[in-house]
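Take a look at the structures below.
Two complexes, one shared chain (subunit A), two partners (subunit B, subunit C).
The block that comes next holds the complex of A and B.
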């Protein structure tokens, strides 16, 4: 077959294909015209679709436009409350009584702010976009990293280094282009929180620090927004719906806030991030999905407003005559859901108390005011304790990775030793599971968690919980006591504390044996000495 | 942690997140009855240092109900933890 023959065949095929498509369009046009004629005949007798009959509760103004009729020449064209494609797209949830037309219209007219586009925010935003929430705001100042991808399901390999907010919105848009997405390429701060929150109906806390949790809770109380808060670490997660109903501070019927449940932040040194502690993708995913679920429940049911409660009800806790809140719309009692993936049962639901009488944010005695928040005078980082990098050792107790590399090569002798240059002890204080991932040849593993638990002989009798004079100490003592000990960890923090502890335990033989750490740990080793050493 | 029934004369104490990392256990049995306000003292005796490092920021629940033990006028300051109760120490988890 010549190339011209091939061209002819190809063109014939294209024409045939276009004709099929043309015919399909003609059929659709005909169908649409028929529908129009039928509906205008129907509505000539019956004017109102009566959305009120379907949805007796008040509907958002925007949504109720759908019940009106437009004059089209002399024909009256009926408009359905939802677009035709929306009946198809949301059909599977529309036919559920928990959602129905009313719930879908509420979703459509609602706006949700997702603070944090990470392990929680990605699944939460995906399901909210899928469900047809009208507007979704995403706030995050980070960029996508490869180590995010195992759990942050809106990002992708080719979008590493892209701002998380842009990456997430790209995915969400392909999932549901009819939602309006608002990007905020920044970390949430106290100064901007209220202005942003005011534009939304529900706020999702998908962040990862104690400071942001208190800030978001306070801003939700002040702007009177329900807060769906979740967190996850390792194999555990927590979920709470807070400040729901979102009544002003001092109203006992309002839902408790984060400060009511956790009035005191955890000690800064004890706060573990997913980067340090680890996180299983489906664990944080579960919590994010549950956030989306709670948000959909809140919106579909109709957010309770201050105006739903009258003063009698608020003061006496009793419904009064003409403004009894619809029992179907009453918020669920507040609870804290605990998820422990490796426990049985994996879920526990804790009943929470109502607002705390002396809560500093949501009680009548509040000290958290709009002015204080906006002016930045509430220092959340300070409230939660700033984590300063560990700086426990003197310069003479530390070596750089370059120096240590030369010591390993034998090109310079190890500290304070007259033995063979390479003769030293390298102690890796990362946890066993990390040590097994990768380690330097010849290193021995003594996890910092074990080092930290050991009580030094000076501190008196060993506690009943600690095993008798710890194996690791005995082990190090039996090794030649003149060999210097180099301590290494992942980043160079635990290694310093381990050196301190070892000296407290007297392993430096009264100062004759050198013990010190390798500055900035194995991360620096990978960056500056051995680029093939695995980074995780 | 598995569902746990404490032996007679005891209540079950569950540790979550940072609390279970500190104690290196997820559950143990403690003699009952005790005053709820004395709970942290009992735990501190077993795990010196745990109050400052973990407990001070934790929520406490008794039989899946949050209890308020914070301050002199705390709502549950008179609560007695009884034999057979399930008590949980729940540290705030902030990462995500």
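The block that comes next holds the complex of A and C.
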């Protein structure tokens, strides 16, 4: 370790310990401020409108009017429903009819759980904290990585390696210290989901796997919470408000759940992560901001609860005589918002179905029960099909980066070419834009998407097929067909599949030409051979 | 196409989103004219359209990434039995004029002139 490295480590440690200290001071400040607020209220005999203590429905009428008067000594003190600083802080949204005093009080007394403190969760939580939601829970088991920072706006360079939840809360607290923040340093599991969800009014799905999306939806149905769900990949985003109104399973008037819309998970092989497919910061950011917006709309309108519906309404689908729900409070019909950053127009709203009569989660025939969820007998990962690591090749079809490095510098001969040691073809199957980022000298680029798209002869008759062979196949065939082909990709998965495909296309000249891949790809090359090779 | 044949075809717009466009030459929007009647003389429906897309528009051989029952796409004999239902692949929504196809009769929906049929794959990133 150089002295510069040592200095960097030491600085990192100092910053981390300062962050911890800062956090402690902020906590103490908040506590002191809360104590002061409570004691000033106690002395004036004021009713407490503390965080999450009073449901919006039960607010005393005069509190909403802001006109209660109290005798304090011989002076008449006018009591206001919000603290003085809250009028200032939320003034710009308070003067909007969509929020107003009632909406602000509902926000203040509400609690929101944000599952996932990543590209969606960061902007969503930021706007919810800014708007004055009383309590925000954040759940995430990951730590901050440098590759998160272009989109996960609550984290920062100094906080790389810190738990995401702590990093996010540190930012949120400096944004709005009056909100109560609850950290959960864990991945959401079926066993704990219901106990946590129970404490909140609205749940935000800001996660990134199909398994967590089904789990969150099921837990929302069982705990009767509205769910604001979003996702994003590359330049596209999707947003749905589900289970709203959050009626118990079997009530047709309740909003559809994730399973109503997607009864079965997609094939695991078709699921692409942001790490593999890429993601543009403002695209996922837009979706997170929209989640915050939908959440604010739901809360400010007043969350519809089971008690808002009586049996007449539930049976006939009509508001009943004595408790006609305010039309503004009726949930909007279920829809899916599609965002496509590079299309025109970029936004598009799709009408979705209502609850599915045979849904396995929200219908009367539900098989997703509290007991099943809590006992962990519902295996979400298995339901969605785990993607097993690719293991398509035999050991003799693979070389390590060390072996390949020696082949490159000529210290050992390439397979089957004893005469011309360094004569070989290196095919990089990453997509073109990744290849252009960085590549090994002398490699040729044939993106896996093109390799996969090529149809090898359907029934194993290599010669008689396609009149026009794909360009890349023809190129490799004519390119000295005795030279061995080494295939490389980023991590060593696509390279294996590409080798398979090349052999199916007959590029191994009936087994006389060696074709194989470089184990663990360019990531391993960077780690073990050339530390200067860019990692992305 | 000739003017005489315009009676027999239905002009429509087909769109792909959420990554499905990659299976269709990376084009999100396709303006197509499909036959007004299917092989057995019935009005062309969504099931017919999906077969048409697999056979004519989809260059990618990975048909299973688009429809669940891949045999509908690749085996010509099956094209001649329109009674076969098309199942959407899990994770794909089919939207007819901006509404879930489940609101419109699913694969039995009869294609109208000017319809917009959108195929959306779910995203999971965040």
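By definition in this document, the second predicted complex is superposed on the first by the 450 of 536 C-alpha atoms of A that agree within 3 Å, B and C clash if a C-alpha of one lies under 4 Å from a C-alpha of the other, contacts with A are read in each partner's own complex, and residues count from 1 in each chain.
Heads up, the rule we're going with is that a residue touches a chain if its C-beta (ideal position, glycine included) is under 8 Å from a C-beta of that chain, and two chains touch if they have at least 3 such contacts.
Since this is a predicted model, take the numbers as computed values, not measurements.
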Superposition on subunit A - do subunit B and subunit C clash or fit: clash
Touching partner for A:358 - first (subunit B), second (subunit C), both, neither: first
Touching partner for A:432 - first (subunit B), second (subunit C), both, neither: neither
Partner chain(s) touched by A:345 [first = subunit B, second = subunit C, both, neither]: first
First, second, both or neither for A:277, with subunit B first and subunit C second: both
First (subunit B), second (subunit C), both or neither touched by A:452: second
Partner chain(s) touched by A:265 [first = subunit B, second = subunit C, both, neither]: both
Which superposed partner A:118 touches (first subunit B, second subunit C, both, neither): both
Those residues of subunit A which subunit B touches in one complex and subunit C touches in the other: 116, 118-120, 206-210, 213, 230-233, 236-238, 261-267, 270-274, 277, 279, 284, 336, 338, 340, 343, 348-353
For the subunit A and subunit B complex, residues of the former touching the latter: 116, 118-120, 206-210, 213, 230-233, 236-238, 261-267, 269-274, 277, 279, 284, 287, 336, 338, 340, 343-345, 348-353, 356-358, 463, 465
List of subunit B residues in touch with subunit A within their complex: 1-3, 16-18, 26, 46-48, 52-54, 56-57, 59, 61, 64-66, 68, 70-71, 73, 75, 88, 90-96
Residues of subunit A that touch subunit C when the two form their complex: 116, 118-121, 205-210, 213, 230-234, 236-238, 261-267, 270-274, 277, 279, 284, 336, 338, 340, 343, 348-353, 449, 452-455
Parts of subunit C lying in touch with subunit A, wherever the complex brings them together: 17-19, 22, 28, 59-62, 64-65, 89-93, 95, 98-100, 102-103, 118, 120-126
